[in-house]
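To keep things simple, chains are lettered A, B, C and D as they appear, and every chain counts its residues starting from 1.
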Amino acid sequence: MGELMDRSRLEAFSDGVIAVAITLLALDLTVAGPGHGKLAHQLGEHWPAFLAYVISFFTIGIIWVNHHALIRTIKTVNRTLLFLNLLLLLFVVLIPFATSTVADYLSENNGDARVATALYGASFVGMSIGFTAIFEWTLHGHRVYQPLPPEQHWAARARFVSGGLVYVAATIIALFNAIVAFVIIGLVAVYYIFERTPRHADGDTATATATARARYPDT
Amino acid sequence: MGELMDRSRLEAFSDGVIAVAITLLALDLTVAGPGHGKLAHQLGEHWPAFLAYVISFFTIGIIWVNHHALIRTIKTVNRTLLFLNLLLLLFVVLIPFATSTVADYLSENNGDARVATALYGASFVGMSIGFTAIFEWTLHGHRVYQPLPPEQHWAARARFVSGGLVYVAATIIALFNAIVAFVIIGLVAVYYIFERTPRHADGDTATATATARARYPDT
Amino acid sequence: MGELMDRSRLEAFSDGVIAVAITLLALDLTVAGPGHGKLAHQLGEHWPAFLAYVISFFTIGIIWVNHHALIRTIKTVNRTLLFLNLLLLLFVVLIPFATSTVADYLSENNGDARVATALYGASFVGMSIGFTAIFEWTLHGHRVYQPLPPEQHWAARARFVSGGLVYVAATIIALFNAIVAFVIIGLVAVYYIFERTPRHADGDTATATATARARYPDT
Amino acid sequence: MGELMDRSRLEAFSDGVIAVAITLLALDLTVAGPGHGKLAHQLGEHWPAFLAYVISFFTIGIIWVNHHALIRTIKTVNRTLLFLNLLLLLFVVLIPFATSTVADYLSENNGDARVATALYGASFVGMSIGFTAIFEWTLHGHRVYQPLPPEQHWAARARFVSGGLVYVAATIIALFNAIVAFVIIGLVAVYYIFERTPRHADGDTATATATARARYPDT
């Protein structure tokens, strides 16, 4: 009873931080006001800001959905979990800054654009590390309601790490080509939105997946 | 039990995002400080900002009331609903930016004022699309506690879509006359605040309405 | 059951808006950075900002405590209550803007300081109107768990209105003397923080008070 | 029942304020945009901002964990507690301002850097005072589920006060050497993150500690 309440306060605080971070993304969207050229022209020039807003909004939204799914499998909360969760939130809160920076520099298409996109990718890498650390924590002790059998740990880890590796790849690619890296980061968001749990997949994978992610019916 | 908790976390996150977005509206309200002319004069010149603040505040407030009423009819949450909800929130979070832009440009009464008001209307169109998508989702499967009979779906849809169509009309009108469009958007807010559920209306409509909107006593 | 959840979502949303508004107060606190004179000097010149921050913080805090106490007496939520609550929040959200303006202008000690302080007082008048409207709503129908007997309505109203009248007085005084008005608004906050429910007062007043405000033991 | 709900709204509001404050920290992180020198160079020059962000983020996070642990021991909420909690939040909300100021001035390494770091330390001193006041409140009356025996009060107080005294020391040291004070504040955060409850310590201390802080298993 007490433990359930703990988990619910962990969720409430995380929801609060994620909700503020996702809303602060829109602070990047501004126009200079009257006397700084045609409004339509200003809005047109800000296309990277709008695109980065949409990508970051859905990426943070996906984090929220997955955080939700992972945390609700947890039976007991300890201090280690609270600090791993803070680590995840530390990077989530950086995303509006990274989004703003990539929006400012992307259309420059120069060295600064590459640095800005690498920073953007790195903020998602950090977030993946925080999320994977929480997942790793759930694999040990008696911390979740339905623990994964040890022989499935590596399959489940592989799944988590592969998502993070795409961001690592995007961050490295950013140092050579900002636009390609930016497109990859956008495609990851699109992929996760339309991703479906393989319902008729073989048992092992399905179980690993079910524990690691949301288990909602997809009717 | 588990499912109810899901819904409550969906509500908590949505409440958080809407609460932050509604509060960020006030960031648009600023004066330039000492040395930029009489304060009373500055405040007077900012009338579009104050008016836009009040309209957007109540419009977001109405979204919150209706979101509240719609979500509490839902029995099970799935990933599709979570992403439709993110789509709604994506547009809610854009409203402070659109409000700020219309506040800056409305009194110019030129082409830029028309673009700004169209942007303002478009953010409400987007929000309506998100909200209608969630409503459409509730019509299928066994997702709500008291499903609407199929023969009432079109009446209920018509009701939802009509609200959105007013915003579509306002967005188009904005391209010709910013003030008229702005007044229409304001009147929609006034209409929804004073709107009452028809209590003695004929059965079908009343049922459709009751499912689609808040069902509070109006004593 | 369903009704309790309604009330809890009303509370959660209000808490969210109030929490964001109280935190945004601190955005007023800034210094110009290196190259704009001694930091100690800059901080010293900002005394109105720090003082206004503390006053507004505790005033919003008091609103939250009283809102909490009032809402928990409520049995059923209807649309009217939701919109009266939005009206209250509309003014709460204005307080950071009014605080920022009074902080900018107070030390000017001129006509602008008087306008700014009147604006500051007016934001609290608006908030009092919203709060009194919610209280008035609780007096009618069967909306609270332990309704006040009708013969005690006027005593309870007098109590609510008197708080609001101090803000009306401060707003009018502000037009003549900004500092006096500012001090009055500060003293109201101090008064409410140290105020105690009269425990051995005569029955009628005690009951009216108990319904209208927090009923916590003061041991 | 009613009392539990009270406590839960106190937690919800505090979580909201802390969540917003922790997220606003990231507003300090900005770069000047294209045309203001190499982005990599700008980011490098902002190292104090990034370091201060991480320190403040974890320090607020620790406050949240400890607040959580302390509040859940409480049985009944009264007005005094609500205002002591507001006092704590008043200083929590100041932390983003203090963080931003120290980030702006630290690398100047002059008198202003010392004032900024003292301000930073003082915001944590204020926070410690608020937190200690809440703890002191829990020692009296029948306010917690498992009250500490009176003979253990001083040991528990010593523990709380010692944390605050490190911030007092850092604030005084800041007036002589900004960097040393800043490092101390950072080390306090690191210490609390890795701190573990002494599980096999002698009874008295263990009990005092268990009431004063989180009691999560550390498996």
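One rule holds for everything that comes next: a contact is a pair of C-beta atoms (placed from the backbone, for glycine too) under 8 Å apart; a residue touches a chain by one contact, two chains touch by 3 or more.
As the structure is a computational prediction, the values presented were derived from the model and not from experiment.
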Same-residue or different-residue interface between subunit A and subunit D, half as cut-off: different
Taking each chain's centre as the mean of its C-alpha atoms, which one ends up farthest from the centre of subunit B? D
Please report how many Å separate the Cα centroid of subunit B from that of subunit D, as a whole number. 38
Separation of the C-alpha centres, subunit B versus subunit C, in whole Å, is 27
Where in subunit C do residues touch two or more other chains at once? 12, 16, 19-20, 24, 27
Can you list the residues on subunit D that touch subunit C in the complex? 2, 5-6, 9, 12-13, 16-17, 19-21, 24, 76-83, 86, 89-90, 93-94, 96-97, 100-101, 104-105, 108, 111-112, 115-116, 119, 140-141
In the complex with subunit B, residue positions of subunit A that touch it: 11-12, 15-16, 18-20, 22-27, 29-31, 33-34, 38-40, 43, 54, 57-58, 61, 64-65, 68, 72, 193, 196, 214, 216-219
